[in-house]
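Shown next, in structure tokens, is the structure this report addresses.
Letters are used for the chains, namely A, B and C, taken in the order the chains are written, and counting of residues starts over at 1 for each.
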Amino acid sequence: MNPVAVVVTGKSSTDAVAQDMSLLDDFTWQGASAMEMQWRVERFLSRYAACIDDDALESWPAFFATDVCHYEIITRENVERGMPLALMFCTSQGMLFDRIVSLREANIYPQRWYRHVISNVLIQSVDEDSLTVQSNYVVFQTRRNGQTDIFSAGKYLDRIVMRDGELKFAEKRVIADTHRVDTLLVAPI
Amino acid sequence: MNPVAVVVTGKSSTDAVAQDMSLLDDFTWQGASAMEMQWRVERFLSRYAACIDDDALESWPAFFATDVCHYEIITRENVERGMPLALMFCTSQGMLFDRIVSLREANIYPQRWYRHVISNVLIQSVDEDSLTVQSNYVVFQTRRNGQTDIFSAGKYLDRIVMRDGELKFAEKRVIADTHRVDTLLVAPI
Amino acid sequence: MNPVAVVVTGKSSTDAVAQDMSLLDDFTWQGASAMEMQWRVERFLSRYAACIDDDALESWPAFFATDVCHYEIITRENVERGMPLALMFCTSQGMLFDRIVSLREANIYPQRWYRHVISNVLIQSVDEDSLTVQSNYVVFQTRRNGQTDIFSAGKYLDRIVMRDGELKFAEKRVIADTHRVDTLLVAPI
């Protein structure tokens, strides 16, 4: 059973999450308090956002664990319909690197800048090895003409682990409300 | 005197807030430090956002206290003109439930998804029973065609209490900058 | 050498930032822990946002130090091209006051409301006197017709100091992704 998947399949589980969440307010994880982990997780997500926004995509795969790695962009529509078809699907750090190489090579199209707002970060559950974390994101894009608009809004469902003293994504699912397809090659979100 | 109302009526009080706020940086409330309360309040707001964004509206009234309950959506324009006319106004948890029932029954219109960004959460004042908290919100909506746009931006003025060990809204005022009226029935913000 | 400037000039330094940032996760500054400073800095930025959003601009210069003061709005395009031309450039608190006076006097144009979302606040480096902090911002504007749209998205690069027990900006650089010029007179961001 994937603990993250439970959260997005249907209303009944979501209701349960809303009601049970208070139970998770206090915990310790690897010696750290819930409040400290909140701070560390938010910091980790902010570094992730800065990496993409600063167009330092070559550093992007390093946010993922090497032993377990799942990265997926899927529309909320597909999740709710139970269709597993993803816009991007990687199951190893090597696939993440390949994705960046493809992006760099294919980038003959007018470049754009991204700007992430990651908010409402909620640690939802904890087990010995990992934290399950939900957050809302909105990515804004600015085209070369200087206009900024909404690129994608949705939520992150992350499973975060500790490796060599650093937080890493073991799993990152991007559930996108937005499902426009005006970009030929999908960039990381 | 309603301590929340003071904040939004005119510039002079706002100035005072900006200057006095530093005085409130450190406090204890029901045995918790200011930093801990910041974390708990943000977590509470994030759960509130997740409830609406996950379309778990049946759980929405449970975020409010049962003994005191005030929920209001009002435009900033009306606040600044001193006109009390609200887009939504509920003074009991029962009225909140009724609102959700109406929304569910009336929903013959194309559904949309909401996504909240709640940011810049500021605990403004503290008394024995409650915290007064201001935050900025932007709600994005995605229609079934996959396009995401801005539904509403504004600020929350909340009075938060503790009931049975859980935070609850005793009062939540949504002061909306946006005042479009393209939705027949107003959803919670 | 300006430690803030290093961050925005080119990809190589950005990569370095992404990789080195974990080294800064734990520190103490003027007796406070990294987690406590995160809370205090976020609170400071939230008060800054509230000042502008509440149109309390007369209080805006007070967020800056009096002995060192640098405020700048510059487009990301100009930063990446190495062109120092800024949309707004002030090097004293007096210049900030002048800017507000001009704004108030010139305001014969239809007024608009601003709403800040400041997210992903990252303390990047620390020295004895100051903190270097990066954050993402998006400012939404609502015109008098009630429509809300994106005014500016980008990042803040701040150098924050302590003066008389209060945090102040010694330097605030607003690096705007957006470079539309539909406002005659630039408002603070």
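Quick notes on this structure:
Please note the rule applied: contacts are C-beta pairs under 8 Å (C-beta built on N, C-alpha and C of every residue); 3 or more make two chains touch, one makes a residue touch a chain.
Here the structure is a predicted model, which is why all the values come from computation and not from measurement.
Between chain B and chain C the CA-based rotation angle works out to 120°, given as a multiple of 5. Under half of the residue numbers at the chain A-chain B interface are used by both copies of the sequence.
Chain A and chain B have centres, each the mean of its CA atoms, that are 26 Å apart.
For chain A, the set of residues touching two or more other chains reads 35, 117, 119, 138, 150.
In the complex of the two chains, the chain A residues touching chain C come out as 35-36, 39-40, 43, 45-47, 49-51, 53-56, 58-59, 62, 113, 115-119, 138, 140, 142, 146-150, 166.
Within the complex formed with chain A, the residues of chain C that make contact are 11, 14-15, 17-19, 21-22, 25, 35, 38, 75-77, 117, 119-122, 134, 136, 138, 150, 152-155, 177-180.
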